[in-house]
Amino acid sequence: MCRWLAYSGSPVRIEDLLYRPQHSLIDQSLHSQLGAETTNGDGFGIGWYGLGEAPGVFHSVEPAWNDRNLRELSAQIESPLVFAHIRASSGSPIQQTNCHPFRYGKWLWMHNGVIREFRTVKRDLVLAVDPSLFPFIEGSTDSEVFFYLALSLGLEHDPPAAVEGAVGLIEAIGRHHGVEHPMQMTVATTDGTRVWAFRYSSEGQSRSLFFSTPLSKLLPKHPELAHLSELSDESRLIVSEPVRDLPDAWNEVPESSWGVVQPGEDELHQFAPRAPSRPTSVPAGV
Amino acid sequence: MCRWLAYSGSPVRIEDLLYRPQHSLIDQSLHSQLGAETTNGDGFGIGWYGLGEAPGVFHSVEPAWNDRNLRELSAQIESPLVFAHIRASSGSPIQQTNCHPFRYGKWLWMHNGVIREFRTVKRDLVLAVDPSLFPFIEGSTDSEVFFYLALSLGLEHDPPAAVEGAVGLIEAIGRHHGVEHPMQMTVATTDGTRVWAFRYSSEGQSRSLFFSTPLSKLLPKHPELAHLSELSDESRLIVSEPVRDLPDAWNEVPESSWGVVQPGEDELHQFAPRAPSRPTSVPAGV
Amino acid sequence: MCRWLAYSGSPVRIEDLLYRPQHSLIDQSLHSQLGAETTNGDGFGIGWYGLGEAPGVFHSVEPAWNDRNLRELSAQIESPLVFAHIRASSGSPIQQTNCHPFRYGKWLWMHNGVIREFRTVKRDLVLAVDPSLFPFIEGSTDSEVFFYLALSLGLEHDPPAAVEGAVGLIEAIGRHHGVEHPMQMTVATTDGTRVWAFRYSSEGQSRSLFFSTPLSKLLPKHPELAHLSELSDESRLIVSEPVRDLPDAWNEVPESSWGVVQPGEDELHQFAPRAPSRPTSVPAGV
Amino acid sequence: MCRWLAYSGSPVRIEDLLYRPQHSLIDQSLHSQLGAETTNGDGFGIGWYGLGEAPGVFHSVEPAWNDRNLRELSAQIESPLVFAHIRASSGSPIQQTNCHPFRYGKWLWMHNGVIREFRTVKRDLVLAVDPSLFPFIEGSTDSEVFFYLALSLGLEHDPPAAVEGAVGLIEAIGRHHGVEHPMQMTVATTDGTRVWAFRYSSEGQSRSLFFSTPLSKLLPKHPELAHLSELSDESRLIVSEPVRDLPDAWNEVPESSWGVVQPGEDELHQFAPRAPSRPTSVPAGV
């Protein structure tokens, strides 16, 4: 069920994020240790901020470990904010429009998890997407529809509230269709400045999620990480599973939480889905 | 805007349909003479009936002229009923789920043309698809939604009525959104026994469509076609543009018509879209 | 380092060979138990005999578990002789021309293993390919060069002798370049009538290889296999690893052996590489 | 037979080179006016200099007009030296390893044209490649072998002499095999600082090639090009066919010429293939 990585901080070469670490994301595409699947070979994607306000994206249906173009780009692009995702499909076809991260304007979104019984609930969920946003849905994944529900509920203005509302809606619609545990997720989303991450599942056993220890705390204890000393203390990684075997470096995001990496103090809060105000037999719009 | 070919009759090697003729469909992928585009390189697909009731399909995003697998399959498969389509995209992504022919159960469907302003009307059209059929929509083309509207309106029972209803609905919804000429089409659909073809456009200038002259009429005048003499007189081709320069062999399907190739007498009739019975501000379901 | 399967016998639907068994080849692409890698996601290919003398081939760079076209073809094609191969690359690029089985005329060839230090020995090996055959080499794998060496040494007339000669040559050239154990292989090759299989490595620890027990011996003991009773007693599978957990059904091919599945009695013999007659500083041609 | 574009000068966004002009390279992939084929849909590639000494490359088998990743990268990467190539295959397979530009170390190479009867002469040409360079050949095109012959003959030290020697060798070997006009080419090659371009054919009728007029001469006469005024006067385009309909802007490279774009004065010289010193029955090495 996918693995992802979000980086925010001093500009780094994308290659250093994807390939260099001991248990890099590329390594996780073949040998994931904490994911639902060991192999995540159903396509991959990266998004990064650089020229202009909107991020660039690169999506491929090839397994990440094979893709030469990814290696090439990664070596040539430096960015202060990078999203990367390797996919293990939960049923929808393998095609570029089904690769994460999804993009809308200057926003990126990635998801590890599933909306259960998606075939059954899809029509109701899609109807709940704001009509003005509906034409932007390009693929057939649950993750993309989830994104557009969050956008419909105000992601661009208040991401945590929007995601709480989207999950509340998904759970309500799911339960209306007899699905016991509709939602399983870790999600990352960004506007190019701040990065929000979420960890939640209806069943209370969510996919793994970690954020890195600030370098100012880590470097004094680990001289072997000296090569990271040029990075600012703002530099942070959020990952599905640690890319390096160094327990000090990783902090698990608690169940039912959301956090934000931003200039200055980062934050961590409880995540509580908010049920829709209208009855769920009629999908709620904006 | 695509080219397609439908064959029905004695079993033939698919290769003989796709590659052999002077101006074969593969040739039309590079040098179409009658299409809206000369190049149709945005993917292709074939469907054929053989083992079992449901047809096999093969879809690829590679341009047809390049695809070695297509050449290989075509040489190894014989079939009495074959659909083949080469695509020039009208905007939606190039991916296997956007290749024709589309399949539902034992039915195949292909379309040359466009639903105009599709981004604007898509939500209303998709809502008009029967909820039980909605989960089967895999791609993002207008052609596939058109297919599912026809299925929702009874394609499996009365194809001409279903297509007339679907076009009527598309035109009503289109005009509701200010689209002057919503529909442009030639369509072929089949259940594995009979092949229906349609030619219609809101503006009355439709994409080209031809059906072949029965061999019993053609062979006496054209000894050079002797190699076709083993084919039954039921054998018929329906094509977007002639695959061979032989005027006797091709008969244009008139504007606003539908025809059916079937055991025994084939038929040709007028095609008249049937407006939906309900007002178009609310999309009509089944 | 790849897994393969060869079937010879009564015509069967390719789908039944690839997808149906408990631990099918498609399952082995994700969860190989006996291979050098658990994942074999670097492309796949099938070859089968049907219409005409030459076999058809289908190659794809997508992981086998994802490929819809493979599923479709497999359901529609019946064949009495099928080769199938899933690839884990030993370094050469992932492209269709590097997928097995390789084809020359009516011959197919597949290989699990490696020619060690291939980059170092490649030029000498390629020079040893008969000049008339050289232009047919399309890809960049060791396996394909191995095939063309065998063809150069008379594969079409005496496969075991040709393969013994090719391996002898590869070992001589390898040792000339300081490679201790040049050859690791299981190989299958066929002319459409008989299937030869080989198991050998310079180090005497070869990739796994099994052939199936004749049905006349197996069916009496295993009523649960009754659905196979329509298959002739000639029907045989040769596999890198068993596709079903049934110890009676599988017989390991011994180290340094070759066998042939053919009408009538099958055979099993010792395999002994034959060093080239000329000194190895000059590559030996035919 | 392909179209290419080389840019050298002030850093520009790759998107501005590939997509913006009136008759951009992407436009030429569908509607080439001066090439041997109007459609160049058999893959494409770009190479660009940025981080580090070696250039990055991006190759794809999709037609350039379809490829979203190319659009994305192009919008996000600025470079002072860019090679771009769209391919119409002369027979070899469509795969990433057969896309231009080819790269060796810090060198890039692209070719429009053909080595005639390549299947016949390939073995002799490949043997003439220096053994230390032979393992770097990854694909199966004539263009790549041509590159490695030039490298074998000293491209890294004296490109014009090396290319003259390579062409002389190709012509000698070709004529040895009865090929009347072995060579057809325009070539561009670069070390990341200077760009050499070549135009030559054995028959004296070579593929089209143009270089742009220096901006200091062009801008005074064409105020509509004011947006280019920030570019240095060193900025130059070399193209298979003009990307903009502005006769002043383009200067045809004469038949049998080579030129170099470099800091300071550019140069234009005669190109004269230099026959190998050894007889051609034995391929000449370095």
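Here are some notes:
Chains: A, B, C and D, in written order; residue numbering restarts at 1 for each.
Keep this in mind: a residue touches a chain if its C-beta (ideal position, glycine included) is under 8 Å from a C-beta of that chain, and two chains touch if they have at least 3 such contacts.
Since the model is a prediction, treat every value here as computed from it, not as a measurement.
Any chain that touches subunit B and also touches subunit D is listed here: A, C.
Looking at which of B-C and A-B shares more C-beta pairs in contact, the answer is the pair B-C. Of all residue numbers seen at the subunit A-subunit D contact, over half occur in both copies; the interface is built from largely matching residues. Once the centre of each chain is set as its mean CA position, subunit A and subunit B turn out to be 40 Å apart.
In subunit A, the residues that touch at least two other chains are 68, 93, 96.
Taken together, the touching pairs cover every possible pairing of the chains. Only residues 30, 38-39, 41-42, 61-63, 66, 68, 89, 93-94 of subunit A touch subunit C when the two sit together in their complex.
Those residues of subunit D lying in contact with subunit C across their complex are 93, 95-97, 119-120, 122-123, 126-127, 131, 134-135, 138-140. Subunit C makes touch with subunit B in their complex at residues 13, 48, 50-52, 56-60, 68-69, 72-73, 75-78, 96.
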